[in-house]
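Working notes, beginning with the structure itself.
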Amino acid sequence: MTSTSAIEANADPSSLAGVHKHRFRHPKAVEQNILFDEPGPRARRRIALFNVVGVVVVLAFFAWILYRFANPPMGENQLSWELWKPALSADAWVYFYLPGLLATLEASVLAIVGSLVFGVLFGIGRLLPVKIIRWISSIVVEFCRAVPVLLFMIFFWRLLAGLGFNNGAAFWAVVISLVLYNGSVVAELVRSGVGNLPLGQREAAIALGMSPLRSLISVEVPQALIAMLPAMITQLVVVLKDTALGSIITYTDLLQESRRLGSAHFNALQTLCVAAVIYFIICFVLSLVSEKLPQHLQHRTVGVVREPVQAPIAILDPSNVLAQERASERELPQGGAEPLYPDHYHGSNAVVTDAWRYSHMEHGHDLQHPDEHFKTTFPESVYRKRSSGGPSIAGEISDEEFEAKVRQLRQTHGGGEDSDSGSTDSGSETGFEPGSDSGSETGSDSSSPNGSSK
Amino acid sequence: MTSATQTSVSTKPASDSDVLVELDHVEKYYGELHVLKDINLKVNKGEVLVIIGPSGSGKSTLCRTINRLELINSGDIRIDGKPLPQEGKELTKLRAKVGMVFQSFNLFAHKTILDNVTLAPRKVLGMSKADAEKEAMELLARVGVDSQANKLPAQLSGGQQQRVAIARSLAMHPKVMLFDEPTSALDPEMINEVLDVMVDLAKEGMTMIVVTHEMGFARQAADRVVFMADGEILEQGTPTEFFDNTKTDRAKDFLSKILTH
Amino acid sequence: MQAMLTLLSQYDVLGAFWVNIQLTLWSALFSLILGVVLVMMRISPIPSLRAFASGFVEFFKNMPLTIIMVFMLLGAFVQLRFQFSSTFSSNFYWLAITGLSLYTSVFVCESLRSGINTVPLGQAEAARSLGLGFFQTAGLIVLPQAFRGSVAPLGNTLIALLKNSTVAAACSVATETSTLMKTMIEYNASSIVAVFMIFAIGYVILIIPIGLLTTWLSNTLAVRR
């Protein structure tokens, strides 16, 4: 099946995900092949053997854990029904778990909405061209990210209790702290999302006459938000997990309720297990959603949509989204060219994108041929010196040499050539002769074309 | 001017000892997709074989099965008379003797150009650093990038990177070189510099299996052109036979689409 | 400001921070070891080990740290009578470190995996095509690039670990910062803001340099492609 027919048959963008799905080699397969070659028969036998050993070891490990639970050295049997019964009874659910779950969800939903608003506001604030707003946003965001959430919670709890909010103090303390912290992370996601968009988006918007603020709001931030959606869902999971901190400031969430239940019947371990399972299920479902999102969202944005391997915590592109994206650009099984994600990047982390871009400009980046990033060179001090001497910066040839080269090319190729087409590249030769000293003529770095080899 | 290698070579080997790469009834499935259908191919020493065909015809897969980057479901692959090893030291040794040039260059991004070219000779062949570097500089001069020897791959243009990749494979003195769409990822003005290196390599008598879209190269440098579509070999012949007297309709169709511009 | 200085002289704030730093360093060590083991299992070709590591990682990624800490206290200690030492404080300290290490090891594993995912498959293919064996490919080509790619996520994990060490309060570690902060607020209800600022600025001083160092290091080490 050829690529052209696939594209014609599936021009509807909503089915693009389907087209790409069955041509996409799942990323997990790459992970294994990077270190291990496809196994031959001997290796397959060894893997099967180790697999059996592995299964035995894992099962033995679980059996040991269960055994320890049943016969702890000085405690009582943890697997006994009398300990588990009060943890699983209907009363427990109605009076403890469900109210706790409700409280957790209340705080989470409020915190998520709040942090999205906070995050988008401060993210845009950090991107605006106005210095004062940028500074204030930066200070706020960096501060809220550096202080542990628990400290925020304790502070706001005592503050609100002192101001008279007796009943809702813990709840609002939890919500405000989560908004401040997760909002900062979302702000960083927005900033990194906008930074990961190809430069062309902003350039096109500005060329159309939009102001930087308008370009941010209409063009860049929406695409960044969509691109960062899986990361934001992961952040949602973090919010949910952090509501559990509320139990330390006595907010009656799921964890606190299960502790209370546990202390009533002295079966805290069991009630905690139930609470843990509930948390796990909710968070796991959310993670699955964030895993399935990228294939549905990719055609709505030009930024890279990828599930983050790790929840974003602090700095730009912490989960190496761009670098992983670049790495996974690979051919389809049958050969042929279509990449699944747009190929706009030639850097590794988003963190370095700006510096890389600007250093091009410092060193004579050719604005007429912006795709030829690497025609120019970098400060020699960064890389070690050539032992054979000679000028270290290639690409610098004098005008006379340039003219001479062009003349020679015209002679050998019969004229009519545009003098701009790549002939400043010091490496472009039309042939070679083994053993000829083509590199160090007149001490300049450019090699002269050997027009006589044909 | 055409060299001796341009005269027409029949598709049957002169004698069996001349055959360097042999594929015998090779089949490959990718899930349910029948990617290679009963491939039978023999490549002689010194022969330049060019494989062309539409995307998805399995030509890249075919190229990659020869050094076991892809597995086959059934059939035999023999290199220099010996069957393709499945694993272990024999496979490693064989891969040292079969050079491969990739579409995406795959230069080791964290090492300088010189280190890229000397790495395998030092670690696999056991050459000393000085010898390896000397030879590497000669090879780099041969392909025209010796001035960039201390740069990192990311600082070179695509054409330069691909030439370094060719030098890197040549440093291992391979018996046969595989080229998997070497110029497909290059900007048009850089394609010629890479093709020139390949043409010179062909003139020196290297056995080459090239998967490419460059018809000019096929006409000029190939000893034999193989046309693949939908996983099978539909036609083969010398460049003159193939381009001027195309036999199958599929190949005629393909050529008409490609050669009109 | 004056209030902050008097408070500083009255309470052992630096000692509390030192407890948190110690918790962080020990947990960092153990979680690094466990994280490396996990990532090796996760990318190995043996399905059972892969499944176990993935299950382990998913479990701890979706579990709040507080539950783990409370479990260490109420479950492991009280009900299972699992203890590291005879003194209460040292016992809770090591229980807290166990909980933190288990939790953070999962994020270390994911950071290392993220680093491995930054290496294109073509690098390994090129290495194999040149005839490099398994250990050569891994040691010379894949792992150096993978480590350089993991620096950013690992730095972030360290920062998160430092902040998470405050949750050790749930494990009754009595001398660390969040417990101390609660105590200080109880006795100095009028200077609540000053108390908060002491601890907040303390953490800012600890964390922002680590963040800057991580950014700088990951930029310098990033493999350009």
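Chains: A, B and C, in written order; residue numbering restarts at 1 for each.
Just so we're on the same page, a residue touches a chain if its C-beta (ideal position, glycine included) is under 8 Å from a C-beta of that chain, and two chains touch if they have at least 3 such contacts.
Not measured: the values here are computed from a predicted model.
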Of the other chains, whose C-alpha centre is the longest way from the centre of subunit B?
C
Busiest interface, counting C-beta pairs, is A-C
Find the geometric centre of each of subunit B and subunit C from their Cα atoms only, then give the gap between the two centres in Å, rounded to an integer.
48
Centre distance in Å when subunit A and subunit C are each reduced to the mean of their C-alpha atoms:
19
Quick one: subunit A and subunit B, Cα centre-to-centre, how many Å?
36
Of all residues in subunit A, the ones touching two or more other chains:
37, 39, 329, 346
Two or more partner chains touched - positions in subunit B
104, 152, 154-155
Two or more partner chains touched - positions in subunit C:
120, 122, 128, 223-225
What residues of subunit A sit close enough to touch subunit B in their complex?
1-3, 37-43, 329, 331-337, 346, 371-372, 374-375, 377-378, 383-386, 390, 394, 421-422, 425-432, 434-435, 437-439, 445-447, 453-454
Mind listing the subunit B positions that touch subunit A in their complex?
1, 30, 33, 35, 54-61, 68, 71, 85-88, 91, 103-104, 112, 138, 141-152, 154-157, 159-160, 163, 180-181, 184, 187, 189-190, 192-193, 196-197, 200, 211, 231
Interface with subunit A, subunit C side, in the complex: residues 43-49, 52, 58-59, 61-67, 70-71, 74-75, 78-82, 107, 110-111, 113-122, 124, 128, 134, 137-138, 142, 149, 152-153, 155-157, 159-160, 163-164, 166-167, 169-170, 177-178, 181-182, 185, 189, 192-193, 195-196, 199-200, 203-204, 207-208, 211, 214-215, 218-219, 222-225
Sites on subunit A touched by subunit C in the complex:
27, 30-37, 39, 47, 50-52, 54-55, 58, 68-69, 72-76, 78, 142-143, 146-151, 154-155, 158-159, 162, 237, 240-245, 247-248, 255, 259, 262, 267-269, 272, 275-276, 279-280, 283-284, 287, 309-320, 323-324, 326-330, 346-349, 351-352, 355-356
For subunit C, which residues are in contact with subunit B within the complex?
120, 122-123, 125-133, 136, 140-141, 144-145, 148, 223-225
